[in-house]
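Naming follows writing order (A, B, C and D), and every chain is counted from residue 1.
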Amino acid sequence: MPYVHRLKVRYAETDQMGVVHHANHLVYLEEARTEYMASLGVPYGAIEATGIGLPVRRVDLRYRAPIRYEDDLEVTVAIGHLRAASVRFDYSIRKAEGGSTLLDGSVELACVSLSDRTPRVLPDELRARLEAQMESASS
Amino acid sequence: MPYVHRLKVRYAETDQMGVVHHANHLVYLEEARTEYMASLGVPYGAIEATGIGLPVRRVDLRYRAPIRYEDDLEVTVAIGHLRAASVRFDYSIRKAEGGSTLLDGSVELACVSLSDRTPRVLPDELRARLEAQMESASS
Amino acid sequence: MPYVHRLKVRYAETDQMGVVHHANHLVYLEEARTEYMASLGVPYGAIEATGIGLPVRRVDLRYRAPIRYEDDLEVTVAIGHLRAASVRFDYSIRKAEGGSTLLDGSVELACVSLSDRTPRVLPDELRARLEAQMESASS
Amino acid sequence: MPYVHRLKVRYAETDQMGVVHHANHLVYLEEARTEYMASLGVPYGAIEATGIGLPVRRVDLRYRAPIRYEDDLEVTVAIGHLRAASVRFDYSIRKAEGGSTLLDGSVELACVSLSDRTPRVLPDELRARLEAQMESASS
């Protein structure tokens, strides 16, 4: 089952077009993904504390409709692909009260050593939790 | 010929991983694209003053290597696709002193009425300048 | 009684010093103040819909201790000063679990017409609600 | 003589009020101050490389007039106060083509160890260059 994160649009996230500036959608997706990981018992901060980081290496987003100040949003996160040293999350954003998709797409993360940016396998606990999520989603 | 925009990374654009946060690359591309348009005699602000906007509708980026504080960057912009009511720009980012690609990808813009977000054809002057650029690039 | 808003620090809000970048504290204060106004029945978006805006005209902040990624924060808002065409809010930020003040200070807002930025008296409903808050605070 | 840094407002820095969001002025001041330090031969990145950081501990700003998209700005920086373990810079922002002050104020920086945030005296080279600036300003 996908994870759903709720958030409310801040004034500072708008631009003079009267809508959320397109760079901020990435911040919403990041917040949703890290809340998802925390809900699985693996907060991202704890991963970094072990010297491992998950930098973004690919972003593919379609902006389907504008998001506005004070909108209550639901960001849905699902695991798109799980590999040895990377993971892709798939997302969609809707208003909390329902309606059509405002944005969808994916963000792929590499797993690296924070000290020298060389590839690392995903931390065991994170991998185990994500695999369990994928199994329960497909069963 | 592609357009090259130079910029220098700000401290506020970094995150605790010690590199530029991945949302800020979109701001760099936006700055490069609007400087490109201004260099063609069509500043984006002048387009908005006519009631037309160019919101982002698709983003596809590959982050190939980290960008760091105080890096001097070259953002290269080329026209990827020009349609009646949309335009796609293709980008790459390198350090100004040379080296490998740090990011590449594309950003597609829709052309809309700012008052009701309905599709509009691209402004004549912008279209003419972009077509001229594409012809000179392919000749 | 002051209003307390809770929020959680986002990764994108950190910088390479490993703490929240100092510009983002202003975004936290803005979120707290607009949630406060919404709790009083006067959402800021509704004020702007009438053609009135409340731009910031003065900021005075002391950063007493760093704020970090994933910190759960409590932002306390109180009305500092209420005038005909301006209002000052006073703030402090602490961790939700308690402890010392991480930031305190004030943000003063002017009341203006959004069309031409000329001064306006504060909207009646907002003024009435803020005055009621000040009376209940001092009684 | 004060140092003058020029910059151009980015679209992403505006908000739905059609002006630069008030948090971004702090980013402009930071860019101006670090360019000033670099012009003195002491880039801020080089200071951090020695384990010393200059976090902001006080901000006092007056926003006198709105700043808009595509504005070319001049940020003027002067040394306000130089102490053993802190320094205050004073700023004003104007349009490059002249006109009245859009923002003025000050930002005070503490000098700390990056590893444990304990106070440190300012690096010798930075102090020497700043003192030389103050002497030439007052002579």
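Please note the rule applied: a contact is a pair of C-beta atoms (placed from the backbone, for glycine too) under 8 Å apart; a residue touches a chain by one contact, two chains touch by 3 or more.
All values reported here derive from a predicted model rather than from experimental measurement.
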item	value
Most distant chain from subunit A, judged by the mean position of its C-alpha atoms	D
A-D compared against A-B, more contacting pairs	A-B
Between subunit A and subunit D, centroid-to-centroid distance (C-alpha), Å	34
Distance from subunit D to subunit B - Cα centre to Cα centre, in angstrom	28
Separation of mean Cα positions, subunit B and subunit A [Å, integer]	24
Shared-contact residues (touching 2 or more other chains) in subunit C	11-12, 16-19, 23, 26-27, 30, 69
Of subunit C, residues touching subunit B in the complex	11-12, 14-19, 21, 23, 69
Contact set on subunit D toward subunit C in their complex	16-19, 22-24, 26-27, 30, 48, 53, 55-64, 66, 105, 114, 117
Subunit A residues within the subunit C interface of the complex	10-12, 26-27, 30-31, 34, 38, 43-45, 69-70
